[in-house]
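After this come two complexes, each holding chain A, first together with chain B and then together with chain C.
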Partner chain A sequence: MTTIPPRPTFTQDWLRIARMGGIAAVGQTFIALSNMPVRLDERLLIKPILSMGYLILIVLPFAVGYRYGHQIKREGMPTFTPSMYEVLGGALSGALAGGGLSLLAVLLRHFDLRDPLVNWSPILLNLLTFGNATWFAVIIWIVIGTGTGAAGGLLRLLGPRAYRTAISVAITVASAAVLESLIVDIAKGLGLENLTDRLYASRGGIEWLSAIVLAVASGTLGVLGRGRFRQAKTQLSQLEGTARTQANAALIALTLAALIVLPLFAGKLTNELLANVGIFVLLALGLNIVVGLAGILDLGYVAFFAVGTYTAAVLTAATSPRISPEMPWLLALIFVVVITGLVGLFIGAPVIRMRGDYLAIVTLGFGEIIRLLFLSDWLSGWFNGAQGLVQIPPANIFGLTEIGGTEPRRVFYLVLAFCALAIYVSWRLERSRLGRAWMAVREDETVAEAMGINTVNIKLMAFVVGAMLGSFSGAIVAVKVGSVFPSSFLIVVSMVILVVVIFGGMGNIVGVIAGAAVLIGVLGGPRQPGLLAEFSEFKLLIYGALLIWMMLARPEGLIPSMRRSRELHQHEITQDAWLKN
Partner chain B sequence: MANPEATSTDKPILETRKLSVDFGGLHALSALDIQVQRNEIVSVIGPNGAGKTTLFNAISATVEVSKGDILFEGKSLLNLEPNAITSRGIARTFQTVRLFTHMTVLENVMVSQHCHTKQNAFGALLYTKAFRTEEAEIRQRAEEVLSFFGTRLVGYRMDQPAFSLSYANRRRLEIARAMATQPKLILLDEPVAGMNPVESAELTTMIGRLRDEWDFTIVVIEHDMSVVREVSDRVVVLDHGEKIAEGNYDHVSNNPEVVEAYLGKSMTKK
Partner chain C sequence: MGLLAFIAQEIDPNNPFASWVNPDATGLTGAQFRGLIISGIAQGAMYGLIALGYSMVYGILGFINFAHGEVFMVGAMTGMIASNKLADAGLWETNFIGSLLIVMLLSVLVCSLTAVVMEKVAYRPLRNTPRLIPLITSIGVSFFLQNASIVLLGPSAKSYPEMPDWLKDQYTFLGISGARLLVIFAAAASMAVLWYYVENTKNGKAMRAVAEDAEIAALMGINVNRTIVKVFALGGAMAGMAGILWGVLFRSVIHSMGFLPGIKAFSAAVVGGIGHLGGAMTGGLSIGMAESVGPLMILEPLGVNGVSQLRDAVAFAMLIVMLLLRPSGIFDERLPAEDRT
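Take a look at the complex of A and B:
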């Protein structure tokens, strides 16, 4: 890759500036009118300068400022050295984006469009003007836009080392702010309240002085230690054979130990959160077998979750209307798995012969049908219709403990155990005859058949195994919540699980776990609040946006499965060229 | 080179009887009679659109047979699923290379032994002795098949995803995958297409070795006349879904009908 001298600062690509700035301005207006800034303003990130509401308004100017300087890198094509050209262009694009908000402030002041646009409100105006006159808002948003846009452009000028440091500082401060409740909770358990009292303001948000200290500390650490961290990482990835297995085993043991010890010091809130994340990890691992490994786009996965929950409820609760064997939970679990597996077989058998889009639509239908059956009058003698089943007793584990919703820590340990089981199952099956057949079907069904694979049976197996794994979370949720209603199993649950799988990296166990931790832990599940609970009403919007961005920028997911391979590609071609001569 | 021992008096391993395949009004194959003897290498040639690939598709049940019958070792293949045909001992490659691109080279070959192995989910989960033994066998057979192609597909490359392979290696892996199904008959659809002369000459000798060392019967669709001359015991010429000539290479290449339909250009060039 050759670099050529920078472009002159004042001969900008005006059209590009106008286009990117314009798009960002429209985006800013949309964000403002979606009411996100007003709602999120309640959450302070850095006291007193930055709330999440304002953060959301500077993301776009920063992004276009950075994006403006983007050059397409092609083999053998020279690239310009980044210079003030990028900074100025970024600043101007950012200014346009900020200008969108200025214009909105003016319009808000002089017109009233509250009828079609519910969020066209004085509160929004107040937020945009910082409580001052309109002209102030006009100027301040252009200034803010220019500043953040220029900052985005400046990022391009940084050398690789400075860039990494800047990113690590940003990530440290952002995670400290986002993970606030988690950190405070754990610090309390460890008796470190002093530290967090100093770090965070009493009503939330990092104290600005602490933020600076944190930034400086992480920056210094980054400068001093980053090289070593990278080194360790590459060393680890280069290990082969038994050394590699040992390193992996050590990593897994460490993670497990942390997950076992951490909840002991955490309060209810954190454990609740961890349990919720775990439940979605479990669901996502099950769906990952169906979608990620076997390539069957199942949009009705919630059906198995529902069947699992209801079966557990009927079998254990004394209040279930038709039959109430009041089984111990562990015994009921066997029935739950078997029955859900059978339901998987029953739904799968007619569906599985279809391919692609047809299959997706039909599974979507079945997902709804199952929910409607639980809701129906016809079966209300069994499941109580909309009233649902209540007073599900806690699970008794070999007479050792009682696990119920009032004890989130125990629930978390239960979830952890089942996650471990599901991970083991996924991991073993992936490296077996069955797992390979699943992948072959995913890659090319016709060829898989021609290679001797009975694709119908194999796909049905995936469906059933996925259903069984999903039923575990159902059984856990039954004791965790203590009641079950049809309204907990809307289509959106299927969608959220699917987004977790796609976002994390299809077919990859670590990716799926990371996806659940980020999406469910931070943004929250369909019903479960995440760390950024303020986001809950915009959750689906953000899920959608993330999914689109992911498909465009990183279709292989957060953590792709075969990363090293691409790097070796070049080697292969060189060797073949050599063989030819 | 040609195998003089292969006589037509043996019971054929593969036989089509009045085989017809129609796509709507198009007769892709009409009343085709072909016999392939055990251990023979038969080339199928013909201009584009003659129905060669359709013949393979009909044998491997990826298209529907309209009329006639296909017999393999004396038994009809009609109404069998594609995977059942593979279990009977017929493997194929695809004209447009169709590997399992996101699986590794080794996995591509391992998965193709599916119909001859039987460990299920329980064996895998309990990690039984039987499971481990079978896995080891699958792996060993896969490595054996891959090492047929020299050093090209073994070593670190076994653990690379198939998409990272060069074009020629993809074609080789297609053949390796077919070999791994432990067939009696292999159908190769234009195996050297897109290869350079060195590679295609090398693959030509390997097709011979497949018969001699691995004991396969081979039917190969090929456009490259030097390859056809080199490998075939017998050549079948198709045009518009009909067999217009059959015999050894010299016989066929001197047949005026064939020269007109297909060889015309390439013969005058030589």
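Take a look at the complex of A and C:
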């Protein structure tokens, strides 16, 4: 490596600063006008300094400040050592980003655009000016922008180690703040109220002193434990044979034990949340087989969820019009799986030969058609149309317990049992002949066919297996909610499941579970509230943005499957190999 | 035909099929039937305009721009805002044609801009990835645009200002309501302009060349990136036009309005033969007609009740049947070089 000079001239970078700052300013204005800051201002993160509303407004200046120093490494081109220019440039672009808000504050004061823009309100102005005059807002936002931008630039200057420490500190504090209700709830169950009382302020948010303690603790831990975690991980992955199996089994047993014990100490809300996450884990595991393993983009996955729920409801509820002898839930479950599998076969058989993208749109169409059928007067003799089916009795498990919506803990255990089953099935399938065939089809259909795989049958099989896995969650939702309406099965549900799978990591079981836990647990599902209930209006917006960002920056997902990520980065791998030679 | 009508009448005197063959026989009156056909054509013309965007993008890049329906929604929303502002200023009543033209121009500009930004931010970095990757991204874009509309403009349905008398239903020309006539005329005009642009200008030639084979086109000195941007801009413009026409015809707009027309327009593009301009329009018209007369003529005779609820299912069913029987569409599809099999 040759010695690398700092960036030679500052003059070339004006355009870059202006562009990045400009984009961030537009983004800031959009965020402000989306009402996110006002709505989230009620949620204190660190008392009394920072509410989530203001946090949202300093993310972008910080991000552009950090991004400013980003250099693309090109073969044969020098990369510069980061210098004070990075900080200066970051500060300037951050100032521009903050300036967007200053401009907005002035416009808010002098114009009234409330007619098209619903959030053009004095409340927003008040938030931006901190209750002071407009000129104060103008100055303060430029100052805040400059400060956070400079902080971003400084982080770049300090290098990757500082960056990693800062990120781990930020994540610790943020998760402590976000998981507040969960932690408080479990601590209450364990009798540790003293601890949480000290950590959290009485009306939400971390006390600022505790925040500092937490930050310092996680920072030191991060610095001291540097590399240990990764070391442990590589050690684990290098284990072979029985040792590997034992280590895996121990990990799984530990997780399972935690999941069984934890809900005992948790309240209703937490269990409800866990049950919701579990239901989406089930759905996402099912979709993962179709999308992640076999590479078929199914946009109408909600159809199978709907069929599962409706079958369970029709068979068990006394209010269902046609079928009078009511079945116990467990018996109905068999029918649910069989019928959903048949529907999957029925939908999949004609269309599975189509090109991948046409197939996606056609499945989307089927997803909508199924909902329209449940809604229609034509079949209302079976499904009661828009009135839906109500009073679905709780599930009776071998006469041992009754599982219904009023007992979220029992629902959670039921979900857990099915999740375990689904995980086991997906795990075995992935390593089976069938699973390998799926992956071969995903990677290259023509080659797979040449290897003697009947691609049509194999793909159809994935479709049906995915449908069957999805139907379990349908049956559980039927007893959990106790009623079923066509309006619960909008296409949005499919999209949210898809976002979960892609965010977590297509084709990776652990990734999919993590994706569901993070997204559904924190932001919430299409109808279910998450930990951040304040986000309910914005979660779909965030899911959309997240989907775009994931595909652009990290298409393999949060926890990638090795094979899948190789496939996605094939281009870069070949390029690297070419450069090395 | 007379025999068919007779048989149909014998089976069920109220069978709309009978009135299709012989409009004066039973069921629907001739005027009602004509009304259905005309509204099908007007609806189909709008689908056709949206379908052009899907078709051109697929023809060049080989992926489904799922967010294109949302561009249409953006157009309708822009039109709603602009026309209401004009109505507040009093221009909408005094000079309707002039203000409608302003609204159209504005909406076309905004939609082109939206489409271009979308291409630059979300699709260009993914140019050489597997086909499903940009499709998933475009789903994200669609989600984002729809929800951006909710958070910025509010979740409720909004309406266009009062239309002048001659656009209301009771005023007809040759039995066609004024609004529908306007829609059909405007759609035909935009289509003609687009056709001229693609077939007779240098830029259009570049587009066709890039659609034929992007690499060779680049070797011939065509700026492929810029051509693709132009294609997105054109597609966005057509969607914006469709958005305004939708607003003029139905007056009510909502954030979710882009989804169904978007899917149906994509179906139209496939039915007509994707990558084919005339095909998009033909496909749009056939989908529009099918869903306007289909439920009454095909489903009702089959004894299905509440057929109007199944209107949307008709378009999907048509897409599925078309893909099964003739996936290359009415006219043969034109695909980018690497996607031809």
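Please note the rule applied: the second predicted complex is superposed on the first by the 540 of 581 C-alpha atoms of A that agree within 3 Å, B and C clash if a C-alpha of one lies under 4 Å from a C-alpha of the other, contacts with A are read in each partner's own complex, and residues count from 1 in each chain.
Convention: a residue touches a chain if its C-beta (ideal position, glycine included) is under 8 Å from a C-beta of that chain, and two chains touch if they have at least 3 such contacts.
Bear in mind that the values here come from a model prediction, so they are computed numbers and not experimental data.
Asks: With both complexes overlaid on chain A, does A:A450 touch chain B (first), chain C (second), both or neither?
Replies: It touches chain B, and chain C stays clear.
Asks: Applying the touch criterion given at the start, work out whether A:L541 contacts chain B, chain C, both or neither, answering first, second, both or neither.
Replies: second
Asks: Contacts for A:T220 in the overlay, against chain B (first) and chain C (second): which applies, first, second, both or neither?
Replies: neither
Asks: Output check: A:Q387 vs chain B and chain C. Expected answer is one of first, second, both, neither. What do you get?
Replies: Neither partner.
Asks: May I ask you to decide whether A:L498 touches chain B, chain C, both, or neither, giving the answer as first, second, both or neither?
Replies: A:L498 sits against chain C, while chain B stays out of touch.
Asks: Between chain B and chain C, whom does A:L434 touch in the aligned arrangement: first, second, both, or neither?
Replies: Only chain B is touched by A:L434; chain C is not.
Asks: With both complexes overlaid on chain A, does A:N132 touch chain B (first), chain C (second), both or neither?
Replies: In the superposed model, A:N132 contacts neither chain B nor chain C.
Asks: Is the number of chain A residues in contact higher for chain B or for chain C?
Replies: C
Asks: Have a look at where A:T255 lands relative to chain B and chain C in the superposition and call it first, second, both or neither.
Replies: Touch status of A:T255: no partner.
Asks: Would you check which partner chain A:G356 touches, where first means chain B only, second means chain C only, and both and neither mean what they say?
Replies: second
Asks: Based on the A-chain superposition described above, do chain B and chain C contact any of the same residues on chain A, and if so which?
Replies: Residues 568, which sit in both footprints.
Asks: Give every residue of chain A touching chain C within the complex, in rising order.
Replies: Interface residues on chain A, with respect to chain C: 30, 33-36, 115-119, 295, 297, 299, 350-351, 354-358, 360-362, 364-366, 368-369, 372-373, 375-378, 380, 491, 495, 498-499, 502, 537-538, 540-541, 543-548, 550-552, 555, 568, 571.
Asks: Across the complex, what residues on chain C touch chain A?
Replies: 63-64, 81, 84-85, 121-122, 125-126, 128-129, 131-137, 139-148, 150-154, 259, 263, 266-267, 270, 304-307, 309-310, 312-313, 316-317, 319-320, 323-324, 327
Asks: Applying the document's contact rule, which stretches of chain B touch chain A when the two form their complex?
Replies: Residue list for chain B touching chain A: 60, 62, 81-83, 86-87, 91-92, 94, 98-103, 107, 110-117, 119-121, 123-125, 127, 131, 134-135, 138, 152, 156-157, 160-161, 163-166, 168-169, 177, 181, 196, 198-199.
Asks: In their shared complex, at which residues does chain A touch chain B?
Replies: The touching residues are 424-425, 428-429, 431-437, 439-440, 443-444, 446-455, 461, 465, 562, 565-566, 568-569, 572-573, 576, 579-580.
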